[in-house]
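Working notes for the structure below.
Here the chain labels run A, B, C, D and E in written order, and each chain numbers its own residues starting at 1.
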Amino acid sequence: MSILLEVKNLRKYFKTPKGMLHAVDGVNMQIESGKTLGVVGESGCGKSTLGRLVLHLLDSSDGEVYYQGNNITHVNKKELKELRKNMQMIFQDPFSSLNPRKTVSQIIVEPLQIYKAYPSKKDMIKKVYELMDTVGLAKRLEYSYPHELDGGRRQRIGIARALALNPEFIVCDEPVSALDVSIQAQILNLMQDLQLERKLTYMFISHDLSVVKHVSDNICVMYLGTLVESCASKNLFKNPLHPYTKALLSAIPVPKINIEKKRILLKGEISSPINPKPGCRFAPRCLYAKDICTKKQPKLIEVEENHFVACHCLKENNKESM
Amino acid sequence: MNKNIRKKGPWRDVWRRLRKNKLAMFGLIVLILLSFCAIFANHIAPEGYDDQNLSRRFSFPNKENLLGTDNFGRDILSRMIYGSRVSLTVGFIAVGMAVVIGGGLGAVAAFYGNKVDNIIMRAMDILLAIPGMLLALSLAAALGPGLNNMMIAIGVGNIPSYARVVRASVLTVKEQEYVEAARSIGASDFRIIFGHIIPNAMAPIIVQATLGVAGAILSAAALSFLGLGIQPPYPEWGAMLSGARQYIRDYWYMTTFPGLMIMITIYCLNVLGDGLRDALDPRLKN
Amino acid sequence: MYRYIFRRLLMMIPVLLGVLFIIFVIIEITPGDPAQIMLGESARQEDVLKLREELGLNEPFIARFFGYVKGIVTELDLGISYNTKRPVTEEILKRFPTTALLAALSAVISMFLGIFLGVISATKQYTTFDNLATGIALFGVSIPNFWQGLMSIIIFSIWLGWFPASGSYGPEYWVLPALTLGTSSTATIMRITRSSMLEVIRQDYIRTARAKGQNERVVIMKHALINALIPVITVGGLQFGVLLGGSVLVESVFAIPGLGKYMIDAIKQRDFPVVQGGVLFLAIAFSFVNLLIDILYSLIDPRIKAMYKVNKKKKKEVAYE
Amino acid sequence: GCSSSTNEVVKDGSSEGEKVKDTLIVAMASEPSTLDGNGKDDNASSQVKAQIYEGLVRQDPQMNILPVLAEDWNFENDTTIIFNIRKGVKFQNGNELKASDVKFSLKRAYDNGYAAADLSPIDFEKSEAVDDYTYKMVLKHPYAPIISKLASSSAVIVPQKVVEEKGEDYLSTNPIGTGPYKLKEWAQGDRIELVKNEEYWQETKGVKNIVMRFISEIANRGIEVEIGGVDIAYQISPNDIERLNQNPDVETIKTPSLSTTYIGFNCQKETFKDKKVRQAIAYALDIDAIADTVYFGTGTPAKSVLAPTVWGFSEDVRTLGYDPEKAKILLEEAGYSDGLDTAIWVSDSQQRIDIAEIAQNQLKDVGINAEVKILEWGTFLEKLKEKELDIYLLGNSVTSGDGDELYYQFHSESGYSGNTAYYSNEEIDDLIEKSRLAIDPDERAKYLEEIQNKVIEEAPWIPVWHGEIVTGVRSNIEGFENYPNENHKLSNVHFK
Amino acid sequence: MNDSILKINNLYIDYKTDDGVVEAVNDLNLSIKKGETLGLVGETGAGKTTTALGIMRLVPDPPGEITKGEIIFNGENLLEKSKKEISKIRGSKISMIFQDPMTSLNPVITVGDQIAEVIRLHEKISKAQAHIKAKEMLELVGIPGNRFSEYPNQFSGGMKQRVVIAIALACSPELLIADEPTTALDVTIQAQVLDLMNNLKRDFKTSMILITHDLGVVAEICDKVAIMYAGEILEYGTLEDIFNNPSHPYTLGLLGSIPNLDEDVYRLKPIQGLTPDPFNLPNGCPFAPRCPQKRDECDKNKFELKAINSTHKVRCILFGSTKKGGQK
């Protein structure tokens, strides 16, 4: 298995009136070709920003992005346009990510028009029908507007648009979090089928751990712009090492009764990413925080094969599991 | 519900929605009638616009001259019909120009932000501070009199307000996810601005523009006195209105009808504008 | 906040310089010789030339521009009116308060009336009152100022004798001009208030207020209106600018000694120092109105206030780790 | 009734309480630009200054010359005049008027440019104040109308000392004259308040206070005098006259003015170099109809280039008359049988625009296609100076009331820009020069008549209308008279 | 049945829009006992919020209208009360927490004043006293009292939701309706808020209707569950009934759609199809078009809720529920 995408020490700071906002702050990760990398974290921890950086929808402040071994951190407009063919995105909000004034077919055909993928209009339309069929949209909907459709169908439009140029890699930014469970399941199944069929590589962003677990091969857990843990999907749930990951896992309400769950209640909320204090970002909420945690930012260390954790106090906190 | 959604493009859809709005349709029909009058003025008007007859000055509306005659004994109705040509042209083209240029500038300012925004908007502030009369005078001097130059003068004066409105509206639309989606499929800035942002930022522009037409028609009158606009005897509503102000007490019909015409036009434009704003927004049902 | 205000004031400088420069250019290309206009059409050529020399019109364009700017910067001097030989600053300061008062009165009237009607219209959406108010508002926008002015003089001064026809010698003199000037703004503000209120009424926090058991009137006045005011203030501010600039016709119809009419006369007379000074003055006034509106925003809306608050301590720590 | 002792205090019965009415409110059309006696002499400035300042002489409403600050004068020879200055006249600052002030003021008026045309024949080098009460004026050449020129509104006497001490611009806001009223307050943009000069050298019947309001909207002046907001309103719109006359509380006072509105030709344009074209146009226009339509019967359709009130006007001038057929023939002769394209330029006065519109319509009948082009006044003036106009509309007011002013308008080398037609005709030049040197009134009158006839025939101008001054006056006002030069004196106006 | 605090009988709520009539709530029957928590579960558009607004008498009118039924609160029919009477009940006896904390608070009024407002409305106490009480409420939900005079924008999402809860509980209501109170929050914050609500409910002995689409949340704090679909209740029972013995095919489908944290399933088993068009509800069982076990009658007839044990009711032909009589 080859590595399709690699991110090294990626940073993105936004200038805000109140100061520098560290949205993504030194993230390292890799995605293998044909696999799914899940990215989880709470709202505002920089998941979407990371996805956008990878796709060059935002310019990074620092760090590098490699695609198929090529450094694509700095590309010109033309190269970028070429790249976009291979890298696409599915957005979180199936309503606001579709132009309300365009019909379904207009939305799907737009990438084809931009890349002049087909010389004749007829072929283009044919391709649109094909795509609609692929994602399970009935042909009769071609002239409908997004608002006339339900969330699931809207999300299918977004997927069709992303697939139009036959990309290899798709960033899925919370593609199902706005959907009802029954529809969510339909979309997840569709995405899985497409991945198999087209050998797609996904970067799957979500805050819902159960969904991420369901779709991903590997999972990165983010906290306030930094990676705190990265691990193979199965292993993470069996053996979470970072205190944040543990809290996160325990907080998920499970639709089962009579199972005794030990809930780790975190104090406070995710703090402001503006001019963050030095040290471990999670320290203010960490139940085990020590002096060092507020002084030095922990490095991401490989503690077992393919399992990376950034925490100063691993040994003390995880005696049994290590 | 689904059966009649088939087989029709987006414009038909707008039309379908617009048709449901009775008030807007009323406005549209009146405006179409007015345009019709303007285009075929020479066939419709009972008399020429310059048929003076000093012996029947200031006739009260009567069978022969339905709306009376003016101080030179010209038929007011005929002059109003001819006048619709200039007034409508000026109103629409001047405002159209201001919308296009001002809107474009505002959109660019909002889209690129920072320096570009600052430069454009400061330039707009400067333009806003220049008195319209002075601007018109110098434009008249630089370009010479005439209908086109009058429209330019009015248009230029209106640019800043449209730039502001569009900028504000684009700023909100710009944050929508579909703009980012467009970028992610490799759309150019041009395509994003004109294909995605502007159509969605249109509602406030439509409202502002419909109001603006009124102002344009009225400014036209003022400008013709500075040598910029259409010159007499060719009629124009605004000029008819302000030219007759000295007779307002004795011959009320001389000012009332042109004034009424302006008001009706603006009213129709506004209800149509409101209707269009709603119709153009597929999210709003009804 | 102070920082912000300071920055805004700094930003005014290039704008004002730009305004001045454009005005100079415009004056340069506008036909009409002040000396000739002053001396009349049958003056002697040598007198015209002499006067041009005296007025400094023979200096090169750039020299005049920089001289003027220097005068402003070094001694706040806007020059001397060609026509009256009095300092421009003095002339403007005599007239500006009148125009400002007129504009302010109209603004107050149109704000109160517009907001009042707008709120009722919005809370009674699609009722007869709503349709009627909207209709009247639309007509209000399309009535030409001078026509309305003359008509109201005829009706209220001549026929009814309620108000004086012209002048500005007491409160009763201001009623007709302020109403005339304010009509179109009232209409505009009414429409904005209505749409803004309709938007706000649908918000969740209105539902929250109702769920508290609050009665409807309080919900509208306390919870909805304040939130709906923000766009209204924006437009109101712009309208104030329009009122300041648009008072010319009303000033001349009602013989009110304001800046608007004075400026127009100055333009006609090619009294360049007055034109330059007046435009500069109005530009400054506009800028201050805008600034005031922004400050008003932040008073009404704590969200906006938060944006201006720059935490100085944090500023120092910007260092990238 | 006029009880000279108590006329200042008149009780206004209509108002509750015993309000004393000693203030006269006058509505004028615009604001003065200066109150400096020798300064700019625009209409409004002159109308106020007429109450504050006085010159050596003045004209009465019938255009007779009356002595004012000069008690009398006599011609030592054709070019030397001795003026005896009135003794005991005090400026409003208390200083006494001296001959030196006269010398100073006349020179100043000349230098300022506003009375330059009127005073140009004076040789200021040689003129002098012989003693405190004698002023010797020396002319460069014999010049008969000089006395009437001294009545010019800018040729008034100001205190030399004040100007020299306080600077040239001082008087513009702090007028000091010898007149019956002095400035109390100038509320800029709104009104000027005058108060009676108690030290005035002459007894007057005027009221104590005069307020002169600036009401630019013509309709509003009519309204104000109608509803009693003002007592006197200058420059009433012609179409308001009838309504005002029906109102028992108001009367309108009409007086022929010194002005003539005319259609002029740019005689340096190829088309209008040809006398036949100019004449054709004159024949094509029905002047009577135009004047009547535009001015609602005020004033008179023009008979000459001089108004009837001007000295030198002659009833015997032969106008060309209305004759479209003749116009067509002339056009054909001039080579315009297929019609002629030209333009009528007009500045932004509604009446002149109206004239242009009717003229355009009438010209159409003889095959002349004239565009009407409206220009703002300043631009109009500039284009006029640059000889860019074709046919244009202007007015000419002979403020001195003497026909000698034809010199400025029709002499090819007068040096004044009053020759708006850029007309040059040796014969006329010659006649004008002769008229100027003539001293004998009859001889001058003959020359002037000849000039007028010649000008009408040559038609560089087509006179359209002789103006009329219309003032609205409340019926309880007594003693108001129109002055043909519009600088109405209010010193004897009082309430009944 | 004296201990039931709220009883809804045959409630119908319609939205009459220009495009047609949305029958948002159809023949809804519910009852809640004192101190009990009922979970109202369903997908988007099921009519959950409408039901809640119906109880509060806050259904936006127009276009909404309560067409039929009764809502008995403490023995009195709320639908028969005057506006004034209902105002007195709102906020004091019944309160509601809305879905989105970001927009449920008035941005231009301090949080303290917003809490004090409801207190002053229903309790005759002075302003100062109301402020003191509001501060106490803030502290009760875990926010320092000194943040009393801050504006909502200075609070994070979780804190805003706490403020909303404080407002709802300020007058110790007998019934609390929470409309998706945690949907907009992050999991860790959701855990905190749910914990808080659990504690408060226990302390105040409040009955509660918890509206949600997350079965996990239901499992955590509810006593009873009602599964709602297209304005109707399809299944109703205790937690055990629903989670251990889910009976209606829709409930089964819902449970099958959720990715499971404990087991690895490769594919999920979603319900096919989409929720019905609200303007055009099926004549028969609303779930019939998507139902894997549909029978012919399902398309034609509506069914009664049938009790399958003392606490568990299902509205499905499979459980022998009978045609609705008299209706239509």
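Following the convention adopted for this analysis, a contact is a pair of C-beta atoms (placed from the backbone, for glycine too) under 8 Å apart; a residue touches a chain by one contact, two chains touch by 3 or more.
In this text, all values refer to a predicted model and were calculated from it rather than measured experimentally.
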item	value
Chain ID, smallest distance between chain and overall C-alpha centroids	C
Of all other chains, the one whose Cα centre sits farthest from subunit E	D
A-E or C-E - the one linked by more C-beta pairs in contact	A-E
CA centroid of subunit A to CA centroid of subunit D, Å	87
Intercentroid distance (Cα basis), subunit C paired with subunit A, Å	51
Chain centre separation in whole Å, for subunit E relative to subunit A (CA means)	32
Chain centre separation (subunit B, subunit D; CA means) in Å	45
Subunit C: positions in contact with at least two other chains	30-31, 150, 154
Sites on subunit C touched by subunit E in the complex	203-205, 207-215, 222-223, 226-227, 300-303, 306
Of all residues in subunit B, those that touch subunit D in their complex	50, 52, 54, 57, 71-72, 137, 140-141, 145, 224-227, 231-233, 243, 245-250
Footprint of subunit D on subunit C - complex, ascending	30-33, 36-39, 41-48, 50-51, 83-86, 91, 94-95, 98, 150, 153-154, 157-158, 161, 164-168, 252-258, 261-262, 265, 268-270
Residues of subunit E defined as touching subunit C within the complex	56, 58, 87-92, 95-96, 98-100, 103-109, 117-118, 121-122, 151, 153-154, 164, 167
In the complex with subunit C, residue positions of subunit B that touch it	122-123, 125-135, 137-138, 141-142, 161, 164, 207, 211, 214, 218, 238, 241-242, 245, 248-249, 255, 259, 262-263, 265-267, 270-271
